[in-house]
Amino acid sequence: MDYQNILDRVHAAVKPVIGSGIVASYIPELAKVPADQFGIAIVDLAGNVYRAGAADTPFSIQSISKLFALALAFYREGDSIWTRVGREPSGNPFNSLVQLEQERGKPRNPFINAGALVITDMLLTHYADDGGAGNALIKFIRKLADNNDISYDRAVAASEQGTAHRNAAMANFMKSFGNLNNSVNEVIETYCRNCAIAMSCVDLARAVTFLANHGVVPWSDETIVDASSAKRLNALMLTCGTYDAAGDFAFRVGLPAKSGVGGGIVALIPGECGICVWSPALEASGNSYAGSLALEMLTSISGRSVF
Amino acid sequence: MDYQNILDRVHAAVKPVIGSGIVASYIPELAKVPADQFGIAIVDLAGNVYRAGAADTPFSIQSISKLFALALAFYREGDSIWTRVGREPSGNPFNSLVQLEQERGKPRNPFINAGALVITDMLLTHYADDGGAGNALIKFIRKLADNNDISYDRAVAASEQGTAHRNAAMANFMKSFGNLNNSVNEVIETYCRNCAIAMSCVDLARAVTFLANHGVVPWSDETIVDASSAKRLNALMLTCGTYDAAGDFAFRVGLPAKSGVGGGIVALIPGECGICVWSPALEASGNSYAGSLALEMLTSISGRSVF
Amino acid sequence: MDYQNILDRVHAAVKPVIGSGIVASYIPELAKVPADQFGIAIVDLAGNVYRAGAADTPFSIQSISKLFALALAFYREGDSIWTRVGREPSGNPFNSLVQLEQERGKPRNPFINAGALVITDMLLTHYADDGGAGNALIKFIRKLADNNDISYDRAVAASEQGTAHRNAAMANFMKSFGNLNNSVNEVIETYCRNCAIAMSCVDLARAVTFLANHGVVPWSDETIVDASSAKRLNALMLTCGTYDAAGDFAFRVGLPAKSGVGGGIVALIPGECGICVWSPALEASGNSYAGSLALEMLTSISGRSVF
Amino acid sequence: MDYQNILDRVHAAVKPVIGSGIVASYIPELAKVPADQFGIAIVDLAGNVYRAGAADTPFSIQSISKLFALALAFYREGDSIWTRVGREPSGNPFNSLVQLEQERGKPRNPFINAGALVITDMLLTHYADDGGAGNALIKFIRKLADNNDISYDRAVAASEQGTAHRNAAMANFMKSFGNLNNSVNEVIETYCRNCAIAMSCVDLARAVTFLANHGVVPWSDETIVDASSAKRLNALMLTCGTYDAAGDFAFRVGLPAKSGVGGGIVALIPGECGICVWSPALEASGNSYAGSLALEMLTSISGRSVF
């Protein structure tokens, strides 16, 4: 498969719509990001990197951090995590409290904010004596992306915390149901830091290759999760990874994917490669507009999808 | 892949749990079906049939009919169907009215009852002068399964209609929002007949092979839907096909599937085969208990899943 | 208390806003009613009648019929009715299905549509051999209003049934929970006929005097309900009688009241009089706009309210 | 009316059920209160005090503080408070977040926790330079109850704050909608202190006499609110004052009332007297079981109710 050719065709095709949509504005620091940017990268299992557009520009990964936090918690705790968080699509906006109330404080899945707060709480407990959950996640991501310069953006993290009332509402709510062991403040602070991690398309495409490779990092042969778990994480991405548009996304794109309101979307083709696209302007559901279209074209042109 | 060996191992492994769970009781005629039955079949793209257990015993396909009704409507109407029905997982029980109210009479997807009623309404309009939607669907299924003896069970259909108040509620509700063109009575009657169609595991496994074969019936080369549409139907099955356990099912099994409260589950491996398992006792979410386990084992043993 | 003077002052004061608001349009026959009409009447316990505006013009009583149906059912069945319908404000639109689902088919109170359908079902069972529930209600109302010419408007009843899908949805839904004994069609038909009863302000003000008089019809001394039950019906009117604006209505007006989308509102001052105001244009909650204002002025000017 | 005789009869009648129900346990300090206590007091507009049982024993007023906070805010800010809090019954448990989400952060009424948090926020802003909202409320209550010894219980306040996660969730949630001006911590702390105020039945019965007297404190002639506002506060108590059992309470008792999970219920008969009953064991809706029954008997025996 000639990935470079595909990326070039996709890049040319989406050019007219780059910048269409709305840049996330509820986090002031994110609102400053210019809308008309676009990058896409593929890293295959042999380690070859393919790029188009601003594929090396770091951006705020936001909810994509939920995927790595989940992988790290799953790696450390195994299937016991499912007693505290479900694995069903939510059918509601990513920060809804209604569902959380109906389900007595157990979030529907680890990719909605409530679920990610529970995962963060697990990591906080696990890494309490080891530099903290934030450090552990950064180290984990650096290893996956093979890039020690990855860090979080302090301005974004601060900006995030200033508007974290909805998340604090959910954290307190889960605490009232006994589904949070650490303090609400610690959980929120760590969560905000994780969302503020900055990575490029190339970093992210590389960081998910282990999910396309039966759980094994291709260039280091390190096993992150076993083959069955890797499949399961992919299944979760497909059913829950793109907010409440997951059904539509599976329908149009057909690949496991996780998006963030920074405009990034990671995806992967099992057995082949990791993919990341980025363009800051979002559609109503919170996924990158040009990014979603780019992935749809990529699967149309390549004929690849999991289905 | 030695399908026969896999089926035999799966059959042996699930034997202890066959009959565990609850046979659907809200339809009196279904409640009479003995719980301790089990069958499984695979039909590959070359037409080879593999069987274990009662793979040739006809059973009530119930909600599996929604898959064929959708395929027929999609075949006839194309993407315009999505103006009247969505394609997101529902996150709620299959017969919930709450969501329907929040979304102003547009059902979340074609696999919840409300969505299937809208699809039935489309077929009624389309086949008004051609023997009706019920006949059209039976003919379509006979063609897909290559079996002209397939028919619906009158006793089950009558039994179904006697308890169709919840469905009538939803149909009236959608009519109040203008999302039903035919009379509520016609829609309900046709819908109940479709649910009462009786087929065996072999019939059903064969009937879905076109979805594993880019939309083309393997033995007749007839194109039912184009390759892209076949992928999209598979994506819908994966995200919405097993009631509100679709996330869990994708996580455990990882194949596009559609279940029915008669205890049947059809699934497929893209590019390889159609699959059907049947065992009448259900788990809480309405999917066959032994059937779900059998499919989970099948993907574990074979290493096959879309992920 | 100089009721005539009060009515004249109220009439003069509301004149500028008569016609403001929206005439109910979902029932075609009601949509034809000119918006700029207004009438108000008081009937005191001595039988004196006070009028202003079009106080003798018959109009469609719509949901005000729910009050009489409840009184008749309560009269016939006593407190056993509360096993099938609650007495809490709904906090939701009058025709919501969400709440009905959460509460397993038991409507919150007898003044939302679902509750009135259950009350209608009770009357159907009670008067099965006696000319039917519709006839029984008309006879009951004629007696209360001392007017044998009261009847229902066939055109409105027919118009109502043509758009009764939402009500049919609720009836079917309650039937699925076992909270309806008669057929959905009979219940809907009787309910629609009851809503289509036509009465004037004078008729309605007189018809509720028994509720201001400890349950006894003042001019005939007939006891309809005992004193305690009369108080309780008044309490229900106050907390549930004006759709989901009952709190606001109690706050502004402070009298037991029941409104209808035909623009009528009956109210009463315990120990003093029955009141009815009518003006077809409605505010967003479904209560008459000029009518609500008129009652607010009436209690302000008179200093009367239950508080 | 021989109030002493009525209280004695009521006391005798409820004796067998005193202690039935459940003492609130979610606040550890409250859980220690013995269940088998009962007191009742009436203070008429001439200042006469009638007592039965432990009418002078202080108890934790809990949500009854919401009534005084509302009166103080209404006194200070007038009708502008209704832009930030509604006046409709909630139809949901007192600490539900679902409704808050549907209504975009504006609580349904000032007597559910979310509404009381908003009222607390108003008082915090108003009394920022004047010793704070907590002090202002204590002073206000001391004046109304004519008792300078009234204070709050530090152990209860601390206990309350330790379990305030649900309230913190709501406060954060409203802050995310812009409906809270002070910090979440300040609002929660002040709210918890207000709930922890300790008063006796006699204190509370006296403190609400102004609401039975057109807004004027009977013995001092001080006007707290105007006559119309007093009626409106009474209306709010009747429709919203007893959690989600307000409809049932109005039906059975028929008086404006406000209850607390400490087991107290204040009520009043307009133009006659203030009433307070206390017994710690609660029914499922959070109202005192023996207390509710006592008020129901009181209105049955006396023939008094607003209806």
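Each chain carries a letter (A, B, C and D) given by its place in the written order, and its residues are counted from 1.
Here, a contact is a pair of C-beta atoms (placed from the backbone, for glycine too) under 8 Å apart; a residue touches a chain by one contact, two chains touch by 3 or more.
For clarity, every value in this text was computed on a predicted model and none was experimentally measured.
Under the contact definition, subunit C and subunit D share no contacting chain. The angle of the rotation superposing subunit A on subunit B, based on CA atoms and rounded to the nearest 5, is 180 degrees. Taking each chain's centre as the mean of its C-alpha atoms, the one that lies farthest from the centre of subunit C is A. Distance between subunit A and subunit B, defined via averaged C-alpha coordinates, is recorded as 32 Å. Here the spacing of subunit A and subunit D, counted between their Cα centres, is 47 Å.
The distance from the centre of subunit B to the centre of subunit D, each centre being the mean of the chain's C-alpha atoms, comes to 55 Å. Residues of subunit B found to touch two or more other chains are absent. Those residues of subunit B that touch subunit C in the complex are listed here as 96-98, 100-102, 163, 165-166, 168-173, 175-176, 184.
Residues 86-92, 99, 108-109, 227-228, 230-232, 234-236, 238-240, 244-248, 250-252, 254, 256, 270, 300, 303, 305-307 of subunit A touch subunit B in their complex.
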